[in-house]
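Pasting the structures here.
Consider the two complexes below, in which chain A is the common component and chain B and chain C are the respective partners.
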Partner chain A sequence: MKALAARRRNPVVSTLLLLVALLGVGGAYTVATSAAPAEAVATADQTAIDEGKRLYLEGCSSCHGLNAQGTATGPTLIGVGAAAVHFQVSTGRMPMAAPGAQAPVKPVDYSEADVSAMAAYIASLAPGPAIPTAEQLDYSDADIAEGGVLFRINCAQCHQAAGGGGALTQGKHAPSLMDASPQEIYEAMLTGPQNMPVFANTTLPAEDKQAIIAYIADLQESDSPGGLALGRLGPVTEGLFLWAGVFAVFVGLAVWIAIRAR
Partner chain B sequence: MSEITTRDSGATPDHGHGTPDGVDPEDLARPLYEGPGALPAADIPHRPRRSDFDPKAARRAERQVAALFVLSMLMFILFCVGYIAIDPTTAVYIPTFGEVGAQNFVLGLTLGLGIFCIGAGAIQWAKKLMPDVEVVQERHPLTSIKHETVEAADQYERGKEESGFAQYRIIRRTLIGAMALLPIPALILLRDLWTSKDGGFGPSPTELLSTTAWVEGMPIVTDGTYQKLRPEDIPVGGLVSALPEDIMEIQEEEHNLNARGKAAIILVRMEPGEIRAQQGDGWDYQGILAYSKICTHVGCPIALYEHRTHHLLCPCHQSTFDLADAGNVVFGPAARRMPQLPIGVNEAGFLVARAPFAEPVGPSFWERG
Partner chain C sequence: MSTTEKIGGSVAAYVDDRVGSNRFLTRSLKKVFPDHWSFMLGEITLYSFIVVLLSGVFLTLFYKPSMVEVIYDGSYVPLKGVMMSEAYASTLNISFDVRGGLLIRQMHHWAALIFIAAMSVHMFRVFFTGAFRKPREFNWVIGIALITLGLGAGFSGYSLPDDLLSGTGLQIARGIVQAIPIVGTWGAFLLFDGEFPGTEFISRLYGVHILLIPGLILALITVHLMMVWTQKHTQFPGPGRTNTNVVGYPLMPIYMAKAGGFFFVVFGVIILISGLVTINPIWIFGPYTPDQVSAGSQPDWYIGWLDGALRLMPNVETVLFGYTISWNVFIPSVIVPGIVFTVAAFYPFIEAWATGDKRDHNLLDRPRNAPTRTAIGVMAITFYLLLFIGGGNDIIAITFDLSINSIIWFLRIAIFVVPPIAFVVTRRICLALQRRDREKLLHGYESGRILRLPHGEFIEVHEPLPAKERAVLESAIESYRAPLPAPAKLDANGVRNKFYRLQILRSKLSHWYYADDIKPPTREEIEAGQAHVAHDAALEAPLHDYEETHFVNVPFHGGILHEQGAPMTNKQQLEARGGNL
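Here is the complex of A and B:
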């Protein structure tokens, strides 16, 4: 312990401490941000609509209005369709815990039946995109190469070429697609959640969506060829990693070389 | 020179370290080698290291250096063993690094550590055992010696007289003329920038940068799938990356992607009431707006469109354009707004360009000012 105390003013120690702190913060962040999976839901009847309305008034109406007409704090839900409800609620994005730049993914408080009941209620208000069927989500015959081309044209600018996500303006971000299920991806394209634009079936038909999903599924399954993927966020993280991590090691080594021996 | 000090000029050791009796502190401040080429000790207090006066510490340092070199030898042997013994196709899971090739991992680790240990051993050797006396290295003054500058000036004068540069006026003038014409062949090659596909005198570079494949009535097709678009295909909040219909023909004709790069556009749709300003009256079609996809800063393709704020963000340098406000820059280094393409529909009901771009797309260039 004495030897340790004697060395604590050594410049190498402060460099190492900085490095350990940086790695600790990064690691804690990675552990803290994990997504919850979503499951498929069934169709609903009038009882489901009534149940959905009850849940809506309870959990959603304070922002979206008593008749889903929208308020100053939340947009109207008339015409957003069942797909939008399923995407937002089953990923935990809605109801939002607090107003903010973007609704984060968080643990889901509703059962599958609750989600489909709310979806049925919102769908009963006005026609909108329905929850995709199992047939629409089947991408087994899709062309992965074609999906890659469409992904790079339509998705990569925000979600990054390898699906790692990226930053947008004023605190908003495009999430990583590494944990997104085919249904979530399909519903997101169909409904344009939050600031994501809508990629409707008229401009991006179902088979193109399936090709994109097949490409993303392929990205999710494939390992990072270099080992450490660094969130697949591209040159910014790689540069930051080098500066904060590797560069700190080099600075430490340089200090050790230059320091006088005792 | 004044900064030179001799080894006798009072190098005082740091007594705080407790030099044991029997070791003369003066001796520790003397360079070991005193023959020709030795550098004189500096006139600053010298603090001896533990290994200078404690034989135990010196032996420990010796062992440390040797251990590092032995470790390096071990690593090189392990490298060879790894190369021979490990199947190149086996993968291994390393925490935080994920799934990596076992052989590559071992080869990189052993070779890296082996080389590192040689360097670390050498540095430890230099720090603990090699002499650490502060010495002074002589430097010459940076200015030239007086007689050399005088001689150079004389040589110049002599050359001027002997060559007769001042005397033969016609030679001097013709030489100046020849040197003046020398850059002309290089400049005339720039004419190639104006050459058109058939070898004739084509459009100027400025004209090429100022025009795109968009002309009046040109149908708009989706990028990637090349489908014509109807206004009702694009929902409010929708985003479509699009190109002129004849882009593939132009591309095959020109054998490059220049036309595609210039003509790329995005179509977005918002409620007509949300549009605060446009670059021309009625350039939208029922709330569908067409903007160039090429950033006016340094030309990155942009489609990071936020459909609630109507902001278009460039991923390269974070230039942000407000598409609801005539494509004006709201943030970032871009100096010009995003050019808008006036659109409408043709008789068949498909979206078309109503006119070419009114201003050059992409980054600024010299002639644009």
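Here is the complex of A and C:
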């Protein structure tokens, strides 16, 4: 102990002691803040996951497989993430009522809790895009004009410039965005449902997504400055209106003016 | 003579001495026009064109035909700060910042659509009634030229705002020019002054749109109307109407009032629609950049059929000596419209050649009395409609939840199958109607009343035709054409007929046109038939020959029951009512 005592006042000692103390406090803090709540969350999650698995086996597994590994009639769900589950199920697209070109929107069969449970189960299988947070969905600061440019570059070729939707090959289609919520739009971009490509955060950063959502929200809310909008579909509906409406009026007026006075 | 009359008279004399206008005016104001609603279609065309001109002048005050890039700083927020051409920015400016600008823009566009729609319906009226026949063939050709110019005016106008839709249309137009073999590439470079989109095209198109095409249209409209004036308007057959007279009202005051009033009605309806219904919301489509395209990009309705043809055409290309010939673009967008407009322009001459008829025709055909022509017209409309549906295939697919591929394949087959079916069905209907007319002329029409004669025989009472209907039906005699006989190979002197082959073709065409037509009865046969019918109807008279009848006076199909206390034969009643039932 003499040797130890002798070196007690060595300048290195204080540094070493500080290091040990810091490591100890830091280690204890890490254990204290993460270990115990992690346990609690894990328990809560496990309940949701179990419930989600039950719902999954009941409503989804006939196509996607008992372990979500995918079958001939449905793709694997391993790694699609919670966002994909939330988008597909909360819009009624999944479970599909019948096989077809594309899953149509229909009335939802599950409660919000059920959807979260299934999302938790699928997310527990492998990491994937999570359900966007309220912060991510906040587009109040986004630039609408920038969103418009991004929308026309990335979205308009399928969803049409006014977001009215468009036809794809073999009966598939890009749906109208006029009733889509910000969360649905965000999740769709993140996960690329049906025939839509994935716009990951690496290619389309969160603020760009928010700008696009802001533009779509503006399209949804804005009035038509020119009067009746005719679905904002352009020349086809205008032509239909012309022949069925306007021209019929003109022929009626021509008949009226050519009637001989009796 | 009052002072006013004196002043008026001296003013008129002063003008007449210098202009010589009195004789012209006196003659012109008395000019007679026939009455029919379908004769108003040309007027709708003219009036909507006037609206297009007036609103167009307003737009030129604010539109800038420039492709210089600017940053938008107008009042439409969703485009604020976006780079765009000055053309697009100025169109946004007209829509949002010029007072009344959007209304005038929409008036210009709606009136343009109405102009071409009215023009096409007017054309089909002329076609189905044979109004294009001698002496009016040239006026028909001018009409076809006007339609072609109308399409050019419309398409150039659609392209000027430089929004996403017009740019997409221009890119397709450039592709069509490029698809013309040999000259295509050079042609496209010539038109666009280099690569697409370049910086010149909008200003070039502007000159075409506001000067060249409207100038030509105005000039041709003038000629068109002058020819109508000098050749006089055609009329439908009716009592007292012949090939050499015009039955109607004088220009002054009846038609001055009607036509003048109708102008304001057309103007008013266009303003009303333009105020209530959006057309071409360019602010939604955004500025044009070549890397963008929107789903559901369509041309205006009158170009829709060509877009449809392009969409239906299978992807066929051949490589010849290292050059690609794009049949997939060339056939639907150059050859098809080329054939359609050429055949349309030459149609009067084709039909005249088949009839061998050199007479003037001022009395119109009823469509049923020219079954083959009517069938050709319906076939053309069917063909057009199918292509038109093809042009909107994506909108139809998403609206009715169909597969776009199925629509395309259905139309690819239908375009060859359905028009011939339409031809046959229409022709059959016309022939059946001709037969019925013949029946009516010979035997009057069936009253639905069965009469038992004293010796027990049952007959159905036929009624003679009212004078007006009879005059209309008798026009079949005028319209009827016997097919040209087959030519002889050698003439009476044994000389070989040099034009034998051509005449065979002509005779065959003539047979195709007219061989199946129902030959109408002669005027003598009709006279005899109607007299017989009148006699038949008179048989019924004694049945009603009692003092007090208590029938209610109700007109019903085939006759009129007798009025109270007025026993009359049907014939007498008919006469009392001036031939009208």
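The rule we apply is simple: the second predicted complex is superposed on the first by the 185 of 262 C-alpha atoms of A that agree within 3 Å, B and C clash if a C-alpha of one lies under 4 Å from a C-alpha of the other, contacts with A are read in each partner's own complex, and residues count from 1 in each chain.
As a working rule, a contact is a pair of C-beta atoms (placed from the backbone, for glycine too) under 8 Å apart; a residue touches a chain by one contact, two chains touch by 3 or more.
None of the values given here were measured: they were computed from a predicted structure.
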Request  = For A:D223, select first, second, both or neither according to whether it touches chain B, chain C, the two together, or no partner.
outcome  = first
Ask   = Given the touch rule stated above, what does A:T203 touch, chain B (first), chain C (second), both, or neither?
value = first
Task = Figure out whether A:P235 sits in contact with chain B (first) or chain C (second), or with both, or with neither.
result = second
Task = Decide which partner touches more residues of chain A, taking chain B and chain C as the two options.
result = C
Task = Have a look at where A:N195 lands relative to chain B and chain C in the superposition and call it first, second, both or neither.
result = first
Message = Once chain A of both complexes is superposed, is A:W243 in touch with chain B (first), chain C (second), both, or neither?
response = second
Key: Contacts of A:L150 with chain B and chain C, given as first, second, both or neither   = first
Residues of chain A at both interfaces, chain B in one complex, chain C in the other = 149, 153, 157-158, 166, 168-170, 174, 224, 227-229, 257, 260
Chain A residues within the chain B interface of the complex = 75, 149-150, 153-154, 157-158, 166, 168-170, 172, 174, 192, 194-200, 202-203, 208, 223-224, 227-229, 256-257, 260-262
Query = Hey, which residues of chain C end up touching chain A in the complex?
reply = 35-41, 43-44, 77-82, 95-96, 102, 106, 110, 113-114, 117-118, 121, 164-165, 258, 261-262, 265-266, 269, 273, 275-281, 283-286, 291-301, 304, 391-395, 397-398, 401-406
In the complex with chain A, residue positions of chain B that touch it = 47, 49-51, 94, 96-100, 105, 123, 127-128, 132, 222-225, 227, 229-230, 232-241, 268, 301-309, 311, 313, 315, 318, 320, 331
Ask   = Which positions of chain A touch chain C when the two form their complex?
value = 101, 143-146, 148-149, 152-153, 156-162, 164-171, 173-174, 215, 218-219, 222, 224-230, 232-239, 241-243, 245-247, 249-251, 253-255, 257-260
